[in-house]
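These are the structures, in C-alpha cells.
Paired with chain B in one complex and with chain C in the other, chain A is shared by the two complexes that follow.
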Partner chain A sequence: MTAQKLPRDWTSHAWERAIGNIRYTDDDVPRGMTYAVLVRATIAHGQITSVERDLAREVPGVLGVFTFEDLMTVARDGYHGTGYRDQPMICDGIVRHYGEPVIVVVATNQRIAEYAAGLVSVNYAQLPVVLGDREALANPEALHRDVEPSADFIDLKGLKPLANNPNIYVRSILRTGDFDEVAKSAPHVFEHQFSTASASAAPLETVSSYAVPNRDGSVEMLTQTQMPSYVRVQLARMFGMTESRIRVRHAPLGGGFGFKIYARTEPIVMACALLVGRPVGIKFSMEEQFYLPHRRGTTTTISSAVDEDGKILARRCFIIWNGGAYADVGPRMVKKGGNVAAGPYEIPVVDIESVGVYSNRIPGGAIRGFGIPQIVWAYETHGDMIADSLGIDPVTFRRRNLMKRNAVHHTGTPLGPCDPRLVFERLIEELQSRPLVEPDDPELKAGRGLAIALKAVMGPTTSTVKIMLNPDGSATVHCGTVEMGQGSNIAMAQMVADELNLSLDEVKVVSGDTDSVPWDMGTAGSRSTNHMHKAIAQAAEDLRAQLRSLSAAMDTESQIGDDVDPFKVKGGVIEYLRAGFGPMGATLTGVGAFTPDYIPPDSNGQSERITEFWMCAATSVDVIVDPLTGVVRLDQLLTISDVGKAINPEIVRTQLSGASIMMASISLSEEIKYDEDGQVLNPGLALYRIFGFEDSPNTVYADMVRDEGDEVPRGVGESGTFGVAPAIASAIHDAVGVWMTDLPIKPENVLKAIEEATDE
Partner chain B sequence: MSESGLGGDQEMVRFDLNGSPVEIRVFIDEPLSQVLRRLGESTVRESCAVGLCGCCTALVDGKSVSTCLYWAAMADGTRIETLSGLTSDERVTALQGSIAKHGAAQCGYCTPGMVMTALELFDAGEQSTKEIEAHMNGNLCRCACYPEMRCAIKDALATANKSLET
Partner chain C sequence: MPVVDVGSVHEAVEALNADVDGRRLIGGGTGLMLMARSGFFVPETLVSLRRADDTDLLDIRLIGGVLRIGALCTLRDLELDPAVRRHVPTLAGVLHRVSSVRTRNVATIAGCLAHGDPKMDLPTYLMALGAELVVASTAGRRKIALSDFFVGYYETVLLSTEVIVAVDVPTIQPGQFTEYRKFTGTLVEDWPLVSLCLNLDEVEGAIDRAAVTVGALGSKVKRLPQLEAWLRGQGKPEITTASNLKELREVVESEIEAKDDNLASGDYKRKIFHVELVRAVRKWAATQPTEALR
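Our next item is the complex of A and B:
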C-alpha cells in the first residue's frame, strides 16, 4: 500500500479504510469453497406438500439439494433463537414468512448453485396470512406450537407465550400505579396512537458465512457476526460438538447495526459442510439480505393525564411489536422497550403493557437503537402534541417534566451518572447560536423540533479479556469486541495503553478468532466498550499483582509494594519480568471478566438494578417543508449524548452523527412493503431507498456531555438514533402545522395532512 | 458446460489493469466487478448489484464506472484502474489523508468507491458543496459519513487547487 505513514491515533481508523487496507470476510474466502444457494418460499404461510429436486440434483457440479430433514441428519437440534428456540435452520415444513429458505442447494460454485436452485420446485398448501399488528394480536390460530424457551439469558428467564393467546410470545408490564384513578381527576387527558413500519439495516457488506469441516471432525467458521462467542455456543449446541472443536473467525464488518447478531446463516453452512464434507459458504445478495430480520413495526397507544401547567401526572402505554414469523430478539426488545416507554420524565404513575406477537412478516430483529427509536417516536411526539394543545412550548414542557439528576427511573433503577437535564440544556444552549434557516423560496416553510430519550444497555452479559504482557513490556490484547466501523480496535488499544502506561504503538489488539480470544457476549446494545473497559481494568490489576510478586525476587529496594503501580515505575516492568524469568523475560498473562449485577424485575416491572447503565441523548432537527409536494428536507441535525467518558471524542462524534442520519433515512424514506399476501415488494436498494449525500442535512453536529467525574465509557453506537423521528415530526409541525403519527413520514402523507388541515 | 461453471458462453477479454496487461476468460453475462474480484481486486466491492451504491466503482478509460453494471466482456481493450493501482497518485493520497483527518470512514466498506468517484472532481476545478454532493450522490454509505466525507473532499480539492495556482 502507500508509503505514507500517519502516527497511530484515532485518524488511523479512517485512514486504513481509505487506503483499502482492511480485508473483509469475502476478501479471504477459504480455499476449496463450494456455495450454498437458498430456494425461498413464494408464499407467506403454508405447508410444504411436495418438493421436486431431481432436476437440480442432476446438474453437474451440484453436491446436494437439501431439505430441513436432510440438514437434521447432521444436527442434534435444528432450532435456534435467543428468547425461544423457534427458528429452524431452514423451513421445517411450515412456511411462516415470504422468502423463508425452504431448500438449500450446494454446488461447486455460486453460478451452478443458482442455476440448480431455479430447477427446484416446491408445492405448498396455503394457510391464512396475518400481517398487521392488530390482526396478529387477534389471530385465533397459533403460528407456533410449544415453542421452547432458550434459557441462555438471565433477563429472558421464564419466558412463556400467553396461555390464552400463544401468538403473544412475550408480555411485559411496568406499573407504578393506577392510571385511570389519576386520569379521573386530572385537568387534561390525552391519547394518541403512533405506528412505525418495518425497515432493514441493509449493511453494504452483505451477509456471508463460510464453514470448513476438518478431517478430525472439527469445523472452522468464517462469518460476518457481531457475536462470535455466542455463534459458537449455538453451533456447539445444535451440532452436539464441544466448543473447542468449533472455531469462529471473523473479519472487521462492513456494517453491523445490530443486523449481524446471533446465529443467522451459520447453522445452514455448518450443516451443509458436514453433509458434503467440503467447505460450504453462503453469500447473500443485497436483495436476499432483506429476508433476514428487520426492525420490527409497532403500534403504540399512549395516554397521559396532565395538569394545567403541563406536568405529567400519569402515563399509560400499550405497545404492539409485530415480531414476524420468529421471535428472534423480540422478547428482550419488548421488555426493554416497554421499560422506557414513559420517557425520561418524572411521572408518578406509569402503566405500560408491551407485547410481542408472531405474524407472517419477515422476523423482527434489531437495528441500531434496539426498539427504542420506535418507543421514543411515540412518547416524544405525544408530548409535543400535548404541549401544543396546552399552548406550552416544547422546551418548557420538557423542563417541567424531565427527570432530575440522581433520579430513580420508573423501573426502580437509579439513573446513576446519566443526567437527562444536563443533556437537554446542552442541546438548548447549542441551539441558541443556530437560528432557524430562512428558505430562499418563500413557498417553502422551515421548522424546528427536538426530542430526548433514555435507553438501558443490553441485559446482563459478560465480557472477558486477556492481556499478554510481552517480555519487552509491550502488550497484546485478546479482546472479543467486533470492529464494525465504531473504531473499537483503536479504543480497546487506548484503554489498555492507559492502564499499562504504554503508547498506542505498543499495544496490539487481537480479535476475530474464538480459538484465541476469550468470551465476549457480543458487540451490540451499546455494551461492549463499557464492559470491556471494566474487564481491562481487572486484567491490568491481575498483571500488577503478578509483577509485584515477581519483584519479590529482587533486592529489597527494587521490590514494589501494594501502593505502587508497577506500570508507573520507569523501566520497571522489564526488570520485574527478568527478575522472574531470566534475562529474556517471558510473557505474563492477565485476565479480566465483567458481568453486571442484575436483579430481575417483580411482577410490576420493578427492580433496583435492571441495567448496568443508562444512556441519554437529545436531538434537534431543522426541516424545510415544501407544502405543495409534502417533501421534507433536513437542514440541520444536532445530537447531544451522554456517553460517559469518550475514549475517542472525534470518533464518538462521527458515530453519533452517522446514527442520527441513518435514523433520519429510516424515518423519512425507508419502509419494507408487503402486499396483502405477505410478499415483500421492495427487497434490495432499487426500491428501498436509503439516504445519500443529497438527502443528508446541510449541517450535522454532534457533541457529548457527562457528569463531572464520570470516568467510565458508556454506550455510543445507538444513542444518536433515539430522538430523530419525533424531532422531525415536531419540526414539520413547527413548519406547516400538521402532526405526523406514522413512520416513515412520506411526502404524500404530509401533503394529505396539509390539505386536510386547509380544508378544515 | 465448462468446469468453471454453468451458463453459456465465455469469452476471452484483454484489458490493462492498473498498468499490467490482463487476459482472462469471462462469462458473457459476468459483471466486471466479479471479474476484478476474481483478479484479487479487494477494493472493488459488490453490494447493491444494481448500480446504486458505488461500492464497486473503478475507472474504465479514466471514467468512474459502477462495475456491477458493466459487462466484463465490454471491457476488452480498455484501461482499468482500481484504488490499489493508484497508490502513488498524489490526488488519491491527498484525499486519503483528508478522509483520515475528518474521520470520514466508519466501517469503510464504501470508502474505496467513494475515493474513485471523487477523483473525477479533481479535474473539475473549484466545486461547491452542492456540486460535490451531486457528483457523489451515487455512492451510498450506510454508516452515513456523508458530512465528514463532504468536508474531506472539499478540503482535498481546495488544497489541490491551491497547489495548482502556486
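Our next item is the complex of A and C:
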C-alpha cells in the first residue's frame, strides 16, 4: 500500500496547508461570538490584595469582568492538571508566575474587551520569587500546599510530593546497583553538568477556543487541541456535566508540537459562556502565547565510571526539571526522562534520580520529544567528553557501549525490534559518502558530530476507532487522531485501506468531533500511528466476523470460511452486505480499541513492561564555526530513525527532518529569558528568536531503518529531535576544540570557551 | 488611529502644525505600527503622504555628485533602482539584508531614518557615506547632515512639525572603498547586534579620508573620530602588520563603548566590533588600486 500513488485530494491537503488556504479553527468562528481577554499578572509571585474593576464594567459592550470566584459559580471544580489538579482556570488568589491570567473580561468584541481589560487594576502583596533550578530544589516554601493527584493515568498512581520537601512534586528512581561501589575501583570516573533553557513551541496558529452554550444546557467547544477526548473529560468533570452534553470540535491544527495538549483555555471560555449565556471565544496573540507552557529547563549532573577501553561500567544521573508554577505534564516527563537518562548503552550499574520542582517560571510543558532531548543533551555530550579525554573517537566509543539487538533496557523492559546498533551503523554508512565541507573562508572551521538516543512511547493510553463499512464496500473511518500537518489522516487512511483491501479513494477519515469520533488519548508522544494501527486491525477483524455471519445466509459455496479474509474475496463484501440486508445493503460498523499492557515499576524502577515500544534515532551534524565571533552555522543535518514500518515513507522523512530543524533552532537560538523578578523579557517572535530559512542547514536528510520482518509502525514525531543538540556540541568541539554544556549554545559562550582554551 | 491623507509636502507641514502633539507623520509604517501595537508609542492621528501628487517624493535623481532620493522611495525601490546600482553600488547589498522583501516593499527611506533606531542598517551605512536630509517646515527647507541627526534612542533633531522630503547621498567615486559590516549573531536574518561602515578615499595606496560609523552599540548611530584619525594616512598592505593592528585595537578599546543587554554582554559586542572592523580593513588592504573604484 505504501507504494500506492496518493490521490489528488490527499496531496492537495498538504498543498493547501503550504500556501495558507487550509481552514483553521479561527476561520469558522460560530456566529454571535463574544470575546474574552485576560488581564495578566505583572508580578511572578504574590497574593492578590484587591481588584478594581468598576471602570471596566461600565464600558459599553462589556458583558462581564470575572475573577476566579466568579468563574467558580458555574464550575464544580476550578482546577485541572494531568498529574496534579494544581492549576486553577485563572489565578485563584495567589499569583505563581508572571503573565498568569488574573481577571477575564468578556465583551461583544475583542477590541472592547482589550480596552476594558486595560481599565482593570489589580493590587498584589509580593512574595519571594524563585526561578533557578537549584533554588527551586532547595526552596523551603513549597509553591503549592496539599496538591491533589489527578489519578488520570495508571503510570502516575501513588503520585505525591516529597514529605520533607513538598516543592519537589515528583521524584523518580531507577537503580540497578551501587554506583559508588563500582566507581571506587574503576580506572576513570567522569562527572559533568549540563543545563537547558526554557523554550516555546510558538506554533504559528496561535491558541484559540470558542464555547457555544446551547439552549438545552449542552455546550459546543470549538478549539485547537491535540487531545479533544481528554479536553471533554476535563470539562465534564470541572463543570459537572455528562460527556454527552459537551461536544469538542477542532479543525486541523497549524502546529501542535505538544503545545496544544490537555486543557488550556477551554475551561476559561466554558465558564465565561455559562456566565454570560452567549458564545465566548478567546484568541491569543503570539505574544500571549508565550505565557502558555514552555519546554522546561533542566540541570543534569551525570557521572560515569569507565574502564581503560572506554567501556562504561556504571552511570549516575541527577536531573532537576524546573516545572514552573504548575506541574502540568511534569510528573510524567520526570519519570519517563529519568527512565532513559543513561542512554542506549549497555551499562551494568545505573543509578538515576529525576526530580520535578515548582518555581515561579511559566509552567513547563512538552515540546517535541517530551523532555527526552534535554536528557540526551546531557548523556551524549558527557559521552563525547569522556571519549575525548580517553583519546577514543566518538564512533568507536559508541560501538563499544551501545545496546545490542534484543537487549533488555535498564528498566528491565526488552527493546523488542528496536536495535540501536542498526540505527547507528546506518548513520555511519550514510556519513561515509558525505565528506565534511571545506569552508571557503580560511578563518572558518568545520566540524562533525553525532549522537544517538532512545525513547519509550508515552504511556499506557488508549486509542479507539470506528470503521463504518458502507453499502458499496467503501469505508468511513472515525478516528480521534488530530491532523496537525504531520499527515496522520493520510496514514490512517492507508492503514484502513491496507486492512480492508481498498484503494485510498474508497476511504474517508472523519476526525475533529467528539460527538462522532470515539475516544483517543491524544495525538502526542509518538503514540498515534502505532496505537491506531492496532485498533484498526481489531476493527477490521470485527468487520470480518460480522461479514462471515452475514454470509451464513448465502448458499454453502458462497459462505466465508474461517481461513478466508472476506475483504480479499473479489466483489465479496457487497454480496455479503446484500445477503444480510437486502439489495441496497446497509452499513456495518467495526470497532477496535487498543491499550498497551503495562506493569508498574518496583521501587528501583524495574518493570518487564514499562512501555509498548521503543524508538531509536541517530543524528549527525556538520557545523561551520567562526572562531573569532563564536557564531555557529549548520551545514548538514542527518537523521536516521527506527520507526518500525513506515506507513508513508515520504511523510516520515519530512516529519523527521522538520523535527530536527526545529530542535536545531532550540539548540542554538531559542531561550525564554527572565529578569530577576520573574518577568519574561522576550515574549513574541520579534524578541524570541526562531530559525528562519537562512539558518537551516544547507543539507537536511532523513531516512529510516528497521529490523527485518518488523511490520508494526512505531513513533515518528519526536525521534528527529533527540540527538540534535549534542551532535551540534560535538561538531563544535570537532571544529574548534571546546565543549559547550549549556543550551542554547550562544556565540558569546562559544567565543568565551575558545578564549579560555587559548589562554590555557 | 485615523489617517489624514495630504496632497503635498506643504499640506503635510500644515497638518502637522495643526496638532503638534497628537499627529505623527507616517512613512511605510513598518516601525511605527510595531510601536503602536506594543503600546510603546500610540499617536492619536497619522498624517500620510501616500496620496500626494508630489512626484519628487518618489524620484531618484542625480544632481551633481549627489543622488537625491525622494522621501517616500521604499527600500525595495532603492535596492532595484539602476541609478542607485550605478552610483551607490554597495547600497543594494546592504538593503538585501534588511528585514524581508515584504517589509522593504513598504518601508520608506525617510521613515527608516526618522525612526531613530540605532539597530537599523541604513543609518550606519548612509552616515558613513556623508548623506544629508532635506527637510521642509513652515520656515522653508533646510539640510541636516545625517551625522548631526541622531540624538538618542528613537530621538532625532527633526521637529514633529518637520517633514523629510529627500535624502541626498553622495555618489561613490573612483578610489573610494565602502564596506558595511552587519553582525547578527545566532540568526542570519536579524537586526544587527553590531554594525559598522567604513568609507575610505584612497590616494596612491594610502587612506586620504576616512569615515567610520558604528550602529547598534549605543543609543544612536555615530561616527568614530578617533578611528577615522588613526586610519588617515595608513597605507596598504602595511595597515595589517601586527604592530598596526595592535594600535588599531587600542583605538577601538578607547573609543568603543557597549552595554550589556538581553542578547549579549557589552564586552562581547566590543570584541565583535573589533573583529568586524579588522575584517573590513583587511578587505581594503587586499584590494588592488584598480579595484578600489568602488
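Quick note on the criterion: the second predicted complex is superposed on the first by the 743 of 760 C-alpha atoms of A that agree within 3 Å, B and C clash if a C-alpha of one lies under 4 Å from a C-alpha of the other, contacts with A are read in each partner's own complex, and residues count from 1 in each chain.
Keep in mind that, in the parts below, a residue touches a chain if its C-beta (ideal position, glycine included) is under 8 Å from a C-beta of that chain, and two chains touch if they have at least 3 such contacts.
Nothing here was measured: the structure is a model prediction, and the numbers come from that model.
Colleague: Contacts for A:746 in the overlay, against chain B (first) and chain C (second): which applies, first, second, both or neither?
Modeller: A:746: touches chain C, not chain B.
Colleague: If we overlay the two complexes on their shared chain A, which of chain B and chain C does A:650 touch? Say first, second, both or neither.
Modeller: A:650 contacts chain B only, not chain C.
Colleague: For the overlaid complexes, name the partner, chain B or chain C, with more touching residues on chain A.
Modeller: Ranking chain B and chain C by residues of chain A touched puts B first.
Colleague: Identify the partner contact of A:432: answer first if only chain B is touched, second if only chain C is, both if each is, neither if none is.
Modeller: A:432: touches no partner chain.
Colleague: Just chain B (first), just chain C (second), both, or neither: which does A:485 touch?
Modeller: first
Colleague: So, does A:19 touch the first partner chain B, the second partner chain C, both, or neither?
Modeller: After superposition on chain A, A:19 lies in contact with chain B alone.
Colleague: Taking the superposition on A as described, I'd like to know which of chain B and chain C A:692 touches: first, second, both or neither.
Modeller: After superposition on chain A, A:692 lies in contact with both partners, chain B and chain C.
Colleague: A:556 contacts which: chain B (first), chain C (second), both, neither?
Modeller: Touch status of A:556: no partner.
Colleague: Would you please give the residues of chain A that touch chain B in one complex and also touch chain C in the other complex?
Modeller: Of chain A, residues 686, 691-692, 694 contact chain B in one complex and chain C in the other.
Colleague: Sort out for me which residues of chain C touch chain A in the complex.
Modeller: Those in contact with chain A are residues 34, 183, 185-190, 262, 264-265, 268, 271-272, 275.
Colleague: Within the complex, which stretch of chain A touches chain C?
Modeller: The contact residues of chain A facing chain C are 628-629, 631-633, 668-669, 673, 681-682, 686-687, 689, 691-692, 694-695, 744, 746-748, 751.
Colleague: Spell out the residues on chain B that touch chain A in their complex, using ranges where they run on.
Modeller: Against chain A, the touching part of chain B is residues 1, 4-7, 27, 42-43, 45, 47-50, 52-53, 55, 83-84, 87-88, 93, 95-97, 99-112, 115, 132-134, 136-150.
Colleague: Applying the document's contact rule, which stretches of chain A touch chain B when the two form their complex?
Modeller: Touch residues, chain A against chain B: 1-4, 6, 10-20, 22-24, 27, 59-61, 109, 111-112, 115, 201-206, 252-257, 285-287, 484-487, 650-651, 653-655, 657-662, 665, 684-686, 690-694, 696-697, 699-700.
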